[in-house]
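There are two complexes below, and they share subunit A, which is joined by subunit B in the first and by subunit C in the second.
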Partner chain A sequence: MPATYEPIATTTLTSPAASISFSSIPQTYTDLFMVANLRSSDPRSGGQSVNLRLNGDSGTNYSKTGVYGSSTSVGSFRQTNAGVIELSCTMNGTAAGVFAQNRVNIMNYSNANVFKTVLYRVDTEIYASGEIALYRSTSAITSITLTEPSSLNWVTGCSVTLYGIKAA
Partner chain B sequence: MSPILGIIASANQGQFISTTSYESIATTTVGAGGASSVEFTSIPSTYTHLQIRAISRVTGATANENLTLQFNSDTGGNYNSHYLYGTGSAAVGGAEIGSQTTAIVGRSSGANLASGIFGVSVIDILDYANTNKFTANRSLCGVDQNGSGIILFESSLWRNTAAVTSIKLLPESNFAQYSSFALYGIKG
Partner chain C sequence: MANTFVKIASTTVGSGGSSAITFSSIPNTYTDLVIKISGRTSTSGNTDTITLSLNGSSSNISGQLLFYNSNAGGALNASTSVSGQEGGFINGATSTSSTFSNVEIYFTNYASTSNPKRFSVDSTQENNATGTNAMYMGFFAELWNPGSQVAISSITLTPSASFVQYSTATLYGISNS
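Entry: the complex of A and B
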């Protein structure tokens, strides 16, 4: 029997990789929590989106609403009928050592009575945001894939840890 | 020992670590008859913080509505809340100040949305047993419905120094079936 809050798997890149994935996710928890520290090989500076897909689903079955603040603005944004859930990464032209951090809750990920909702926070060197995404499927989540939107690589040092949280 | 399952990457560590500092205290899932409230009682004072992780839907004819709470059966005007939210087109700040009878801590989806859509809330109740201070909460919550929705940062205060021993979660209408509320304790 799993503990209440335990790591399922961790990936820390020792060389660049095109994607980071977790598959065969056990169905014995209630929620999943993922911490993803990401930096892209894109040579520009600043932030970039990250493509998160669940169960390898590339259909337009995702959407989200977010609120953000930066040093110059505050605002809200939305995506509708999207092919991915967008997280954030730092691009490689940014000062060394800077990685965007995404703290991602996938609530009731194995519950067949609900669509899957992803509640997360993003913190980068230039903005912070809170976001909520909907994956319009009642299927249990068995895999998570993170790819760079321009088909570039994740750099050495990117780390992603997946945790399972088990309710009584 | 749990196996390391299906990790695809150039490197992985996959260390199995068991921790007892974050424990499940109780879980309530609403049945077919719905519920006017959900309450956790006899909460042990042996933790430092509490966390509630919730998916919630209400029977009211709305897109979404507030999820609120009361501590220790206190129905008096002893609560205040502040929030920052985004609607997809605007970011808005606001507050429920003065003598409020509940704290706003989360968001539920309503009956106007497709049946599989639930609001989600992660609510942190900090230092809940510390009798030297009022109890403060923070939460991240929201509902997305593919074309509209809301995401909220919430904070609230219960102006009472008593240790929290019970938590009542309240909808504006009634909780619908499959709404689920899980209470966890975090040791310091």
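Entry: the complex of A and C
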């Protein structure tokens, strides 16, 4: 039986790094699914945002909507013409070995006729959210980059896997 | 290429119901685990909750819950109280008949012997009805930190009363290579 759900690539950091990227993503799948376990070298405790960009695009070509709950607030947000999609990481002052969990779905990622929609869940133990984003480009997704917003590093042990899912 | 998304075990509840569903002797050869549940319980009321135990204990689990319910003036709420509902919301006995909840529980790096275990729960209880707790939706962000880190080798799902017939739960292993 042909494989339906395949790992495309995995990065597990053995030393700190400024970014984690997947490039030359094959265009042979239907959808993409990415699991990102992230911790920043930021010495504070708690969670921090993560910059996710598609195809290296730093233009204001993203919009996003989400609902969230944290230890201090609950609400929703919407942002248009944003320069980035935001996931979450745990900062380095948090208990040792704790990483944020991000699960990202990009359906129909290689279709050259549609803008790309991203559906994702972002979790730290003090923040839970469900979010969607639109990347206003019909270009196939060929690369995904994750960077820390303060230009700090991802710590050793961060792991990110990109999976491809085939519809047939 | 080895299979990436593999069914480890599956349970379908029979006519006698089941007080709990347990996955035991979980192999530590995968990267992540996913449990998918279609469930209903015999608990009185529209909504029940699932207690989740890891390696035989529901202790040392903390988290953040974002939820919405349909109660009067229903609004989005947040809570850090996950005890007794670590596994999400589920249809109770007085919810619309033949209606079962969907729950997905995702464990990342479940076999790590050095780090606490992060897991998330996406849970829906839709009822097509009005009234108290007619609908519950929740996103849970949780952490199991028992102090001495071990792989997750068993998972038990326990409602307040019993899972009813036709409830299902399937455990999948996901490999990143």
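Annotations
By definition in this document, the second predicted complex is superposed on the first by the 163 of 168 C-alpha atoms of A that agree within 3 Å, B and C clash if a C-alpha of one lies under 4 Å from a C-alpha of the other, contacts with A are read in each partner's own complex, and residues count from 1 in each chain.
By our rule, a contact is a pair of C-beta atoms (placed from the backbone, for glycine too) under 8 Å apart; a residue touches a chain by one contact, two chains touch by 3 or more.
Keep in mind that this is a model prediction, so the values were computed, not measured.
Once the complexes are laid over each other on subunit A, subunit B and subunit C cannot both fit and instead clash. Once chain A of one complex is fitted onto chain A of the other, the partner contacts of A:T30 are limited to subunit B, with no touch recorded for subunit C. When the two complexes are overlaid on their common chain A, residue A:I126 makes contact with subunit C while staying clear of subunit B. Once the two complexes are overlaid on the shared chain, A:V67 sits against subunit B and subunit C alike.
Applying the stated contact rule after C-alpha superposition, one finds that A:F22 touches subunit B and leaves subunit C untouched. Counted by residues of subunit A touched, the larger count belongs to B, out of subunit B and subunit C.
Touch criterion met: A:A100 reaches subunit C, while subunit B stays clear of it. Look at A:G59: by the touch rule set out above, it reaches neither subunit B nor subunit C.
When the two complexes are overlaid on their common chain A, residue A:L13 makes contact with subunit B while staying clear of subunit C. In the superposed model, A:S76 makes contact with both subunit B and subunit C. Look at A:G157: by the touch rule set out above, it reaches subunit C but stays clear of subunit B. One listed stretch of subunit C collides with subunit B once both complexes sit on chain A; from 94-102, 112-120 or 148-156, that stretch is 94-102. Once the two complexes are overlaid on chain A, the subunit A residues touched by subunit B in the first and by subunit C in the second are 3-7, 10, 67-69, 74-76, 121, 130. Residues 2, 4-20, 22-27, 53, 55, 84-91, 114, 116-120, 122, 140-153, 178, 180, 182, 184 of subunit B are the ones touching subunit A in the complex.
By the touch criterion stated above, subunit A contacts subunit C in their complex at residues 3-7, 10, 35, 37, 67-71, 73-76, 95, 97-101, 103, 121, 123-130, 157, 159, 161, 163.
The touching residues of subunit A, counted against subunit B in their complex, run 2-17, 19-26, 30-31, 63-69, 74-78, 80-81, 105, 107-108, 111, 113-115, 117, 119, 121, 130-134, 136, 138, 143, 165-168.
Within the complex formed with subunit A, the residues of subunit C that make contact are 1, 3-5, 31-32, 62-67, 76-80, 106, 108-109, 112, 114-116, 118-120, 122, 139-143, 145, 149, 174-177.
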